[in-house]
């Protein structure tokens, strides 16, 4: 599709996470909320059309886009080279940190310490990639469906540690206050919007949009609202990931 | 029915059978088990297809076309050994189904006809019951009434009394005798020799898929010509 | 877990019921056709429907939904989630219901069909008036049993983006982080939907097993 | 259409997928064995003279049959550690599958036992056999034979149900497929392929059941 | 058996029945359908529980204790109308099951015993077949052999020939006559009057749950005392 087609249609369909607060989630009131949702709303305004969110799970985000079910993904898509082969990333719009969390009683100082643990991760999420890359070979990695399951696994003791992002600690504290702490920080990652490969006009339009909300402070307002922490500056380039369609 | 051959797979069930039934005639078919009696009468209304020969019913040649089959079945009523009433319908509904669906008779009229025939087989008061609530003899009489409701020109009976307890055989046979008196054309497979004596115009003896003997009942029972017929009669009479 | 979360789950349950209804109705209509084709006496038709049944009984529903929703688009058939789910569940349910009802039709004594033929009833009337009422009666318990399976199976519709009961549970548990509690309640809600049906099914079964004559 | 199918990742992942198939078969077959044992034992308890035992079996059956497997497997996975039992995902999945299949097996086998003619049991008693032996030697085999088609049908469904065990990271075909999908994002190719693999497995399963039946239930009946 | 009463729910099936059977005696029980004959012999090996009265078999009082029931069943063999062979076992396995499980006999020995009794009922060559492969008469003889393998002191027969085709009745009756000759204690429910005449020491006539008449067979058949017995005999003889 092209931005013009969307404008003519009067509606943009945005793929977004349905169950991953505070990135993107459907609230108990049935409303789509989160960082990605707010940005999505802005994006609709930019296009001048109505926004229709399509709540997705981690596993079906990319298929939903490539099969044409949605026009664009604002779906916590971390910008990895291998993903860049399947979808076209935009410029990054938000940063995230991938970390390892565990109860205070578990001793983890270095990557090598992970070798003797069972570590839960949400299958296919950035923490899956990072834990898999950093842990010594033979580490028992428990790949579960979604964040809730991996958090529950470490809470119930099925796993001794969990790979997650900067928001995990808050949720763990809610489940068992004061028990968990952040052990290792693997990397900073950046999320971008995604369009289908080859759709140059869409990609250009989104990049312009991201530049604009960065410049006029709207993006800052959104991240402040949800993250309550300073955002690092966005990188100009990421190895293996092109921001512009060729 | 002329030179009819019928195979079940490799099995040659009817071997060149030729039989003519005149209007109003009553035929009794008998013969040992497996001789092809049921097969023969099931061919008449095309419940079985034949491989050779010709069957003509009331001027209609029975080829395999749907039209011919329909036309013939409309003129031919059939009563089975195992009644085959529809268990989920009342007696009255059993009787009105075919007239309404096939002839397009209105419901009220179909019910009137049904009640008339149910009266005739002396079971009018059971019209509202379900088959399972009736005795075997009553069920078989309903089956006869159901066939009559289509006002067929010919009635076929396949051992209509052999699934019945002895007390009930008589009530069904009486009904059939009544029908015969009224001039219905009938082909009956039965081993009830009393019935054959009383109403049959001809008795036909079959064995191994062929007609071996054809005779008036008196002659047949007094002095069967074919040795197979003689042994057969001997066995039957020994039982009674 | 508070009141709004519970209402959210109820909302999901409404979808579960709606999806089950779609699957059951679509599967019922097509399943009837499958059952009739499988008992038609035409070898070609029977073999084709037998293959149909074994394919859809032999693969997980999750995969069927996935292929219908994300796969058909690739060959140019762009279905809305609704249509995709309706199609997926219809295919799945028709295979099972078709098989159950075929069994029912075959359980009707041969003589019934012959008697109907001898009365010169046409195919439609033979089936509608004589065979199917008896066949469906016999297969009612199995049919209800399958309906229960279908209700539980709708939990897989989340893959195409429906927020039905199981997904709603997932979302709530992602917000309040008490999965055991949330899934306990979700399980109880499924139970409340399915159990009355199961009871009705076994009651029917007992009634059918009781001697009818 | 701006998507070209590419089965490359599926082809390179094929050895892993086949290992996943083996994992699925391990889950399915162990689940079936447990289910069969639960089914037979459950039927015995279901008919026991002790009322609480009977009720426990009924409650178990109804609970399992009327809730989704996903909920059950989460419960087994997350609730067992609360009482101090900590099992790896694959054993957990086997237990959950066994419990699930067992509930269905109880109902099916019970139907088979009820279909056995009362005279068979009486003949056993008249020969002086105890209740236990009558069940074991006289009732069980004909009962299983009578319900063999429904029982094996249920077991094939159990094989398909194993795909849900990927939710707790048990090692089976779907979880392998999800891994390959994550690395390649070739979802349609991967899911299309495993759909075929599942079909092959259930077909194989049916054939195997046919063989078992010919070996074990081939005595002639009228 | 003394003053035995038995209810099925509200239905009073046996009314104060008293009967003594001496060692080696052969009793034939007869009477109309529903009179309680089956119930009576089923009480003897505790297939039915009784509500009043006492049953003593070979010195063992049959209370409801498992030990007494076990002890009695070991001494009492039973043959049913419907054979009740185990369809999934060969003839030989049918015969060896109980000795092996109940008496703990070794397999080889149990098979030797079984073959002896199968020979005795003249069916030794069928030992490897399954019940469904045998005729009704053969099946019933297997059932007799199976009961004999437990070497019981008493044999109970409940209409052992009534499910058989006429040709097969004789082979089973001959087997039973042979048993009687060898001095087995027997209680038979049967309407085979020839058999009763030939082997019975006493004929017992039951109706409505009570014993109405007890006599030597000759006396019973020549001049039954009770009017019910007379009508009953009339009916039976009319059939033959």
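Observations on the structure shown:
So that you can tell them apart, the chains are marked A, B, C, D and E in the order they are listed, and the count of residues begins at 1 in each.
What we mean here is this: contacts are C-beta pairs under 8 Å (C-beta built on N, C-alpha and C of every residue); 3 or more make two chains touch, one makes a residue touch a chain.
Source: prediction; values computed, not measured.
The minimal number of chain-to-chain contact steps leading from chain C to chain E is 2. Where contacts are defined as at the top, ignoring chain C yields the following touching groups: A, D, E | B.
Chain centres here are means of the Cα atoms, and by that rule the chain farthest away from chain E is A. The interface with the greater number of C-beta contacts, when A-D is set against C-D, is C-D.
With centres set at the average Cα position, the gap from chain C to chain D is 20 Å.
Each chain gets one centre point, the mean of its Cα atoms, and the points for chain B and chain C are 44 Å apart. For the pair chain A and chain E, the distance between C-alpha centroids works out to 82 Å.
Counting partner chains per residue, chain C shows two or more touched chains at residues 70-71, 74, 179-180.
Chain contacts: chain D has residues 3, 74, 78-79, 187-188 touching two or more partner chains. Inter-chain contacts, as defined above, occur between A-C, A-D, B-C, C-D, D-E.
Contacts from chain C toward chain B in the complex involve residues 109, 111-112, 114-122, 125, 129-130, 133-134, 137, 212-213.
Across the interface of their complex, chain A is touched by residues 2, 4-5, 7-8, 11, 69-71, 73-74, 78, 158-161, 163, 167, 170-180 of chain C. Those residues of chain C whose C-beta lies close enough to touch chain D in the complex are 54-55, 57-64, 66-67, 70-71, 74-76, 148, 152, 155, 166, 179-180, 183-184, 186-187, 190-191, 193-195, 198.
By the touch criterion given at the top, residues 45, 47, 70, 73-74, 76-78, 80, 82, 84-89, 97-98, 101-102, 130, 132-133, 143, 146-147, 150 of chain E touch chain D in their complex.
The touching residues of chain A, when paired with chain C in their complex, are 18-21, 25-30, 54-57, 59-60, 63-64, 67-69, 146-149, 151-152, 155-156, 171, 174-175.
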